[in-house]
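Got some structures for you, see below.
Both of the next two complexes hold chain A, though its partner changes from chain B to chain C.
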Partner chain A sequence: MSNRTLPRLLQTPAVLLLLIWMLIPLSMTLYFSFIRYVLNSLRRPEWTKPSISNWRGFGNYEFVLNNKDFILAIQNSLLIVCSILFFTVIFGILIAVLINKSFPGRGVVRVLLISPFFVMPAVNAVLWINMILDPVLGLQGLAVGGLNDAIEGLRNAPLVGGFFSLWPDFAPISFRATQTSAIAVIIMVTWQWTPFAVLIFMTSLQSEDQQQKEAAILDGAGAWSQFRFLTLPHLSRPIAIVVMIQAIFHLSLYAEIEIVSRGNGNKNLPYLIGEFANNNIGAASATGIFAVILANIVAFFLLRMIGKTLME
Partner chain B sequence: MGRILLENVTKSFGDAQVIPPLDLVIDDGEFTVFVGPSGCGKSTLLRLIAGLEETSSGTITIDGLDVTQVPPSKRGLAMVFQSYALYPHMTVRKNIAFPMRMAGLSQAEQDKRVMTAAKSLNLVDYLDRKPGQLSGGQRQRVAIGRAIVRDPTAFLFDEPLSNLDAALRVGMRLEISEMHKRMQTTMIYVTHDQVEAMTMADKIVVLQAGVIEQVGSPLELYRSPCNLFVAGFIGSPKMNFITGTEAANRHAHTLGVRPEHIAVSTQTGAWTGRVSVSEHLGSDTFLHVHETGLADTLTVRTNGEISFKHGDIIHLTPREEMVHRFDAAGLRIS
Partner chain C sequence: MAIVAHHSRFSKIAWPVLAWIVALLFFFPIFWMLLTSFKTDADAVKPEHLLFFTPTLENYANMTENYDYWRFATNSVIASVMATAVTLFVGIPSAYAMAFNPSRSTKDMLMWMLSTKMLPAAGVLYPMTFLTKNILGIFDTHFLIILVLSLINLPIVIWMLFTYFKEIPRDIIEAGKMDGVSTWGEIREILIPLAWGGIASTALLCFIFCWNEAYWTVRLTTTDAATLSKLIEGNRAPEGLFFGRLSAVSTAAVGPIVVLGWFCQKQLVQGLTFGAVK
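Up next is the complex of A and B:
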């Protein structure tokens, strides 16, 4: 036995396990996406068993593409993922830079900042949609109500009364409506995932070279220039990591969408897969393959973009 | 112009006073070297002048202008760091141009000055590389280039060569010296290295625990060190110190004799001892002599041809006019 064979042999079980772990679900999905396969059919009971004799070719894909919700789901997936990425990266950088300076109570502030990340997604969604964003019972309802009361009071005041009487009453926004439910999802997931970005950026900021900063100060760079030309390039790799990990996670958001509007007007791809999977496994699998393709495209473009913009 | 004046400058970190009240004049165009043991406050002093640390008290004046409260970027000084502190994401060209970009110079002017600096520093072929793709010496030259293009009133160097290997160090030492001769700009240079201090300096400032022990030209410090610390610090190998009756005979508490000022003979001499180790450097031989009854070890410098074995008995004679005498407080008796 050559001295390379033994290590390889020892690695084999792990490698095999990984391959099986990945390949079996993927190939099963591929297989199901090309056959007729439903969970329940009185008319065609033979379709309830996965079998090569039910071969449908690209029929499932055609069916999915022609579904009225499909394009909406793709748009929504992209809108939600990109918005969350945008806001978490911006807030993440801002907060990380802010708490990188030492101030009294920094340790406590850091722990508090990280804590949203430990809330379960479903709990997070329930809290936000019922207690904060609800137009009647939530903080939003209270705030809008309070604002309206204040304006009402000012209308009778001397001098400025005339000005305020021109103002309309504000109406609270219902985030369960079809047009706004995606926004609610974006808000709550951004709140939950900003800590993740902060955590990653914070550790990266601590490894920033202080002498470079001092050199930049002597070179006449102000706070903004130091941030733009030193800190931001330094953060480019952590930003890429945050973007990639979050893109993977948020393309598969489900709980928030279910809780906010049960998918009314706000389906993303996983939600659509879920709906198909109530009965039509073939269509669900075809959608799953579309989701894999979409995820790869998104990852590819995001990484290119970040690489280009930050590395000057 | 570039006359730097420190008056009563102190620096404390918390309770620890790193620099006790200190006065220092650095004249325009002078090459001043700060030397001293590790942790004596050389870097701190340099950073105070640069403005990277705030003074605890006292005033710093540059060209007659009190800059104690002036931010670093407005002091017109350029600094070269030991770790180079290049901007890793920018090319060499952008690194060198950075201070000019911050100052808002026109692109044409920037390009012109980058080219001039790159030519004088042999960096033309590397302008489009990133610092990570350069050798240590090239990185140091980029750092110097970045300092030159600003046309500063003074250059500050904090151990700029200590990350380079011996051969490169010699080359860069000469380049910096030449640069100083050409530009006639004030330079302050911090180093551990005896040779750098002796060869480059117009004026050496010897520091110990934040206190200036002596200021003077290299030869002044070598010929007449004002106390035991400076005597032991300047010169390599170290000066030999002799106490006891031999010192008392010459009306001193301690005698200082440099290794190069002791003559060796196999027949006769003032002192006798036994060779323990002889180090052959080719050009010189350093003999470590024991059992002289004067000090633990006497170091003697002789020419490279002489060879003694371990245990050989030899006779030593100091050159009387080169013997330094110090009193009980360690101060020079002249």
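Up next is the complex of A and C:
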């Protein structure tokens, strides 16, 4: 066998598998997005077959764009993704800087910090929404209850009682409600992904130029200006990468949304697709194409950045 | 570190203390789940038993009865182990070819493989259901879950293996060629022993990703091939007071993986950032 055909042959299974995986389902989605296709219809039984005669052009796209839920899902997706990105990057930088220098037990601290990242998403959601955030039985409920009891006790105390009797009873927050369930998702995903940001930033900080830093100290640079003008620029690339990778992952958040609220007023794009897919396949597919486009915009920049370091 | 460049006595103590507090805060939810798993369902929601209670193992003993835990766990093990094996079996030759016989298209090939990873799963949800249910008839089978898990992890695995293989001096492989070793022999007798550490950590990471996957394993299974993700998702809202047993089953589902995860922190950076952060 010649020098050239063998490497190609070895790559063939992987390439073929990925090609099939990518092309077939995606082209089906594309096709379904242009036809009328529903799973159950008593009135129009002909629509229950994915036939070309049900061609609808851009009708599904129009339907989806005019759907109130779609706009809400886009808004909600962006709210959730952007909030998570904001908090994970800020916390990630702070914690990475905090544990960059060696101190007693640093290894254990690292292990404790990284642990949330390995918790499966379903367990993460069930744990937070039930045992921690639940307004009655969770730690939140117990904490608020305890606080109210303490205030109640203080009302009868001499001297300060008058002051505390002015205080209202605190009400726990229900995180399953429409307005708050997105916040619950943001909290639990931030908890899970901050360790990821910490890990990346920590790795990057290890390669920071120490001589430059020493020179800056000799020149009398303060801690803040060292951070602002040396560390932060050094982290700019890792920050960009953390932002893009997370954006791709979080645009397809599913388990957390499903578990926290069953999408009750807190839909994101994947959840909405799942909901459409219960009957209206045309609309589900059109929404799917929108999701693919959205992810591709982010992926384009990420891939360009990875490509630069590829052959070094 | 910049901010503690001045070695005041205060910062020498305050810094580690702060780091420890942050680490314990992050670990707290996991600790809480573990602690609750040793409480009875009744104790778990009583404020007076928040920290002081009589520990019991009954939640673990009743996992089979309450949740049919072992069936789901077995499915998770089968799916994750097999998918990891398949991924490595397909990925090693491919990464080998790209690392030792790179051509002009190798870079584009790798980038294209990564780009498949970035497709949102939800975008192809219905076609996957349709294909597997109506056409291929493999919906809710181990075969399907293994296949899907292999496919979604293949790009990352090839990528990681590629970066490990690149570090191996080419001369060693060339020397093997001179001695007339076949390609398969080269992979088996020279490459795999040399890159053993890299392959092992790649496999570990792939296993973890398979175990935690929660979209396809939930949407493409009902009972036969359902994994632990599906089990937990199905018990999302414990009716009434089941925190004890729910904690036990959750701890059993994530415990082993969290411990495995501790051993592959470094590979995680490389695997998830595709080598773009060093």
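Definition applied: the second predicted complex is superposed on the first by the 271 of 312 C-alpha atoms of A that agree within 3 Å, B and C clash if a C-alpha of one lies under 4 Å from a C-alpha of the other, contacts with A are read in each partner's own complex, and residues count from 1 in each chain.
By definition in this document, a contact is a pair of C-beta atoms (placed from the backbone, for glycine too) under 8 Å apart; a residue touches a chain by one contact, two chains touch by 3 or more.
Predicted model only: the values in this text are computed from it and were never measured.
Novice: Figure out whether A:Gly162 sits in contact with chain B (first) or chain C (second), or with both, or with neither.
Specialist: Neither partner.
Novice: Look at the residues of chain A and decide whether chain B or chain C touches more of them.
Specialist: The partner making contact with more of chain A's residues is C.
Novice: Does chain B (first) or chain C (second) touch A:Ala277, or do both, or does neither?
Specialist: In the superposition, A:Ala277 contacts chain C only.
Novice: Please work out whether A:Gly153 is in contact with chain B alone, chain C alone, both, or neither, and reply first, second, both or neither.
Specialist: Touch partners of A:Gly153: none, neither chain B nor chain C.
Novice: Touching A:Asp209, do we find chain B (first), chain C (second), both, or neither?
Specialist: Only chain B is touched by A:Asp209; chain C is not.
Novice: Under the stated touch criterion, which partner chain does A:Pro45 make contact with: chain B (first), chain C (second), both, or neither?
Specialist: A:Pro45 contacts neither chain B nor chain C.
Novice: So in the superposed three-chain picture, is A:Asp219 touching just chain B, just chain C, both, or none of them (first/second/both/neither)?
Specialist: In the superposition, A:Asp219 touches chain B alone.
Novice: Taking the superposition on A as described, I'd like to know which of chain B and chain C A:Leu230 touches: first, second, both or neither.
Specialist: So A:Leu230 meets both chain B and chain C here.
Novice: Quick check on my understanding: which residues of chain A belong to both its chain B contact set and its chain C contact set?
Specialist: Dual-contact residues (chain A): 217, 230, 311.
Novice: For the complex, which residues does chain C have touching chain A?
Specialist: Residues 1-6, 15-16, 18-20, 22-24, 26-27, 29-30, 32-33, 36, 45, 47, 50, 90-91, 93-94, 96-98, 100-101, 103, 107, 109-111, 113-116, 118-131, 150-151, 154-155, 158, 183, 208, 211-212, 214-215, 218-219, 228-229, 232-233, 235-238, 241, 243, 246-247, 250, 253-254, 257-258, 260-262, 265-266, 268-269, 272-278.
Novice: Quick check on the complex: what are the chain B residues that touch chain A?
Specialist: 50-52, 71-73, 77-79, 81, 83, 85-90, 94, 98-99, 102-103, 146, 150
Novice: Of all residues in chain A, which touch chain C in the complex?
Specialist: Chain A reaches chain C through residues 3-4, 6-8, 10-11, 13-15, 17-18, 21-22, 24-26, 28-29, 32, 50, 95, 97-101, 103-106, 108-123, 125-132, 137, 139, 142, 145-146, 191, 194-196, 199-200, 203-204, 207, 213, 217, 223-224, 226-227, 230-231, 237-238, 241, 245, 248, 251-252, 254-255, 258-259, 269-270, 273-274, 277, 281, 284-285, 288-289, 291-292, 294-296, 298-299, 302-303, 305-307, 309-311.
Novice: Quick check: in the complex, which residue numbers of chain A touch chain B?
Specialist: 209, 211-212, 214-221, 225, 229-230, 233-234, 236, 311-312
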